[in-house]
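Each in structure tokens, the structures are laid out below.
In the two complexes below, chain A is the common chain; its partner is chain B in one and chain C in the other.
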Partner chain A sequence: MTDRSRVRARVVDGLLIAMMILPFVGCILLKILFTPASEGITIAGPQIYLTVPMPLQPLYISESTVVSAAVVIAVIGLCLYLTHGIKEVPDSKRQLVAEFIVEKVTDFVGENMGARFIGFAPFVTAILALSALSSMSSLFGLYSPTSDINIVAGWAVLVFILITHYKLRGGLGNYLKSFGDPIPIFYPFNVISEIATPVSMTFRHYGNILSGAVISTLIATVLAKLSNLLLSLTHNFYIANIPFLRVGLPAVLSLYFDVFSSVLQAYIFAMLTMLFISGGYPEEAVEKRREKRAAKKAAKEAKKSEEAAAKQ
Partner chain B sequence: MKGPLFFALAAEYLDVIYINIWSIIVSLANLLILYLILKKLLFKPVTKVVSARREKVDGMLREAQEAKEKAEQDRETYAAQLSHAQEDAAEVMRRAAQSANRTGDEIIRAAETRAQEMLKRADEDIAQEKKKAVNEMKEELSGISLTIAEKVVGREIKEQDHKKLIDDFISEVGEDHE
Partner chain C sequence: MEIAIAIILGCCALGAGVAMIAGIGPGIGEGYAVGKACEAIARQPEQKGSVTTTMLMGCAVAETTGLYALVIAILLMFVAPKTLLNVWKSFLG
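Showing the complex of A and B:
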């Protein structure tokens, strides 16, 4: 490798690392610039940066939208960084990391969905990365996109579309009939449970992350008030405003709510996605349908050849 | 947007729970885009490289196995060849001796034949030479006897007249001589 190409590789690496970090920096700057100084602690939804008039409902460019876009860009940067200079014989740690990720997720998907759905590995990785990183963006003081119901609902809708798509592989009749299982009286309940799948996925994820944020905020507020109460004994305005009790406990809570809970919810969402998609796949019906089609085709061809023979 | 940047006095917030169809669609698209990106930028190159490496390693293993099998085969072949080599050598020696014997016999036979032929020809030559010498002698003798007869008789004998007579005589003499 020549010096010049090495330098070029270094520059590309630097740019890719910047691509991972800069979106979050931008988000933080945006938040700082748009948030008035004397806001205090509030529990509210994402801040609106821009409102675009659209039919039905206005499109909000809110903090959650911006942060999730930042996450997507950062993941692109990460992918490019990990696979930059990939070789048949690995000589860099990042290639090992990339191979580790790919191998683990592929194994994970293969274990939970079977070999037929091994192509879902990138999708599951996307869910894991997007969900975990979105939730963890609260570590930078940003609004977690996953505590916005619409963001998680979008993913759940996509998962629901996929579930339905794979269920329809067994034929529309089979799909409609499957709701009357085990007895026809269950039909409405099964329909409701089918619709409840994405809704429950959405609420589980969104509720966990939002509640974590709310609890963190409440505890921080309480601790500030408590320290204020204690220090007001000094009768000094400036000393009384030092929230010394906030040191310690919020950090531990952040470790749980921002890191552990984020990863856990991402894992749960990915797991449910895999189980619902592979579990809903009507393998027997698909097999039957395929056989039927093959038989039909064979019969058609036999008829055709017979006609041809008769002509001759 | 309420005010210009840097002078935002009151931020506008959405509710904690709100439903916005466009947000949902944007988020769905985000996940879809991320899926495609991961597939193209992470899974594809890594899978390619890993499978290429696996193929290479498999190829190497297969080659090693093949080489080992071939070496084993060669060893067996050589051992078998070695054991046969002595037999072959003996066979070759025997054949060579046989062929040498045969050639020697042929040469001797040819030489004998040739010698006999030469002897036969020599005999023939001798017989011819003898005949020739006899004829010459007869002629000379007839001449001598004529001369002697002339001298004895005193007169010339006409050769034509007495040729027959002399010849008869000579042949009688020759017969006696022979």
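Showing the complex of A and C:
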């Protein structure tokens, strides 16, 4: 490798690392600029940065939208960084990491969905990375997008569309018939349980992350009040406002709520996606349909050849 | 007027508390699941990994009803009072 190309690779690496870090820095700056100074600790929804007028309802560009966009950019940057300058025989650590991730996820998807759906590996990885990194963005003090119901509902609707798409592979009649499964009286209940799939996926993910955020906020508030109460014995205004009890415990809580819980929820969301998509796939109906089509095609061809023979 | 506002706020808080009774169900369910997982690991320690992942999965699914209640409680605590007070004020004119 020449000197010049090495320098160029270094510069590209630096740019990609900046692509991973800068979006979060921008989000933090935006948050600092837009948070009112007088506000103490409150439990509220995401801040709305911008309101775009739209015909039906104004479009709100909120903190969660901005942070999730930043997470998307960071994930793209991470992918590009890990795969930058890959070779047939790996000589860098990051290529090993990238290969490890790809291998693990392909195994994971193949184990849970079967060989037919192995093409879902990139989609499942995208869901895992997005969900985990979005939830973990509260480590930087940002509002994690997954504690906003709209973001998670978007993912759940996407998964629901995929589930319905693969169920429709067996034909529309088969799809409609599958709701009256044991006996036709169950039809409305089965329809309701089908609709409940994305709703429960949304509420599970969003509720877990939001409850973690609410509990950590409440505990931080209580610790600040408690230290204020203790230090007010000194009768000094400046000393009394130091929340010294807040050192320590919120970090431990954050380890559970921000790191463990977010990774677990990402795993569960991806797992449920895989199970619902591969579980709803009507294999027999698809086979039957394929056979029917093949038979029809064969009959048509036989007819054609017969006609051709008659002409001759 | 003050009494009406007090009733609205109090009932919202009470409703949030009552909604969280649903936390009992996931508690029992998850405890049962984890207990059984412990038994399974004690019987077959070499299956620890797969038992743990299955257990976490089941726990997350069992948690759903509790989270429904949590969402209702959060709505009652932080969203409903404002909305109801606005409705009440517009009702009075």
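By definition in this document, the second predicted complex is superposed on the first by the 312 of 312 C-alpha atoms of A that agree within 3 Å, B and C clash if a C-alpha of one lies under 4 Å from a C-alpha of the other, contacts with A are read in each partner's own complex, and residues count from 1 in each chain.
As a working rule, contacts are C-beta pairs under 8 Å (C-beta built on N, C-alpha and C of every residue); 3 or more make two chains touch, one makes a residue touch a chain.
Please read these numbers as outputs of a predicted model, since none were measured by experiment.
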First, second, both or neither for A:86, with chain B first and chain C second: first
Which of chain B and chain C A:268 touches, first, second, both or neither: second
Touched partner set for A:285, first chain B, second chain C, both or neither: neither
Contacts of A:211 with chain B and chain C, given as first, second, both or neither: second
Of chain B and chain C, the chain that contacts the larger number of chain A residues: B
Partner chain(s) touched by A:200 [first = chain B, second = chain C, both, neither]: second
Chain B versus chain C as contact partner of A:132, first or second or both or neither: neither
Common interface residues of chain A - those touching chain B in one complex and chain C in the other: 43-44, 210
Residue numbers on chain A that touch chain B, as the complex places them: 33-36, 39, 42-51, 54, 56-60, 62, 64-65, 68-69, 72, 75-76, 79-80, 82-83, 86-89, 95, 98-99, 101-103, 121-123, 125-127, 129-130, 145, 148-155, 157-158, 210
In the complex, chain B residues that touch chain A: 1, 5-6, 8-35, 37-39, 41-43, 45-47, 49-50, 52-53, 56
Contact footprint of chain C on chain A as seen in their complex: 43-44, 200, 203-204, 206-208, 210-211, 214, 264-265, 267-268, 271
Of chain C, residues touching chain A in the complex: 56-57, 60-61, 63-64, 67-68, 70-71, 74, 78
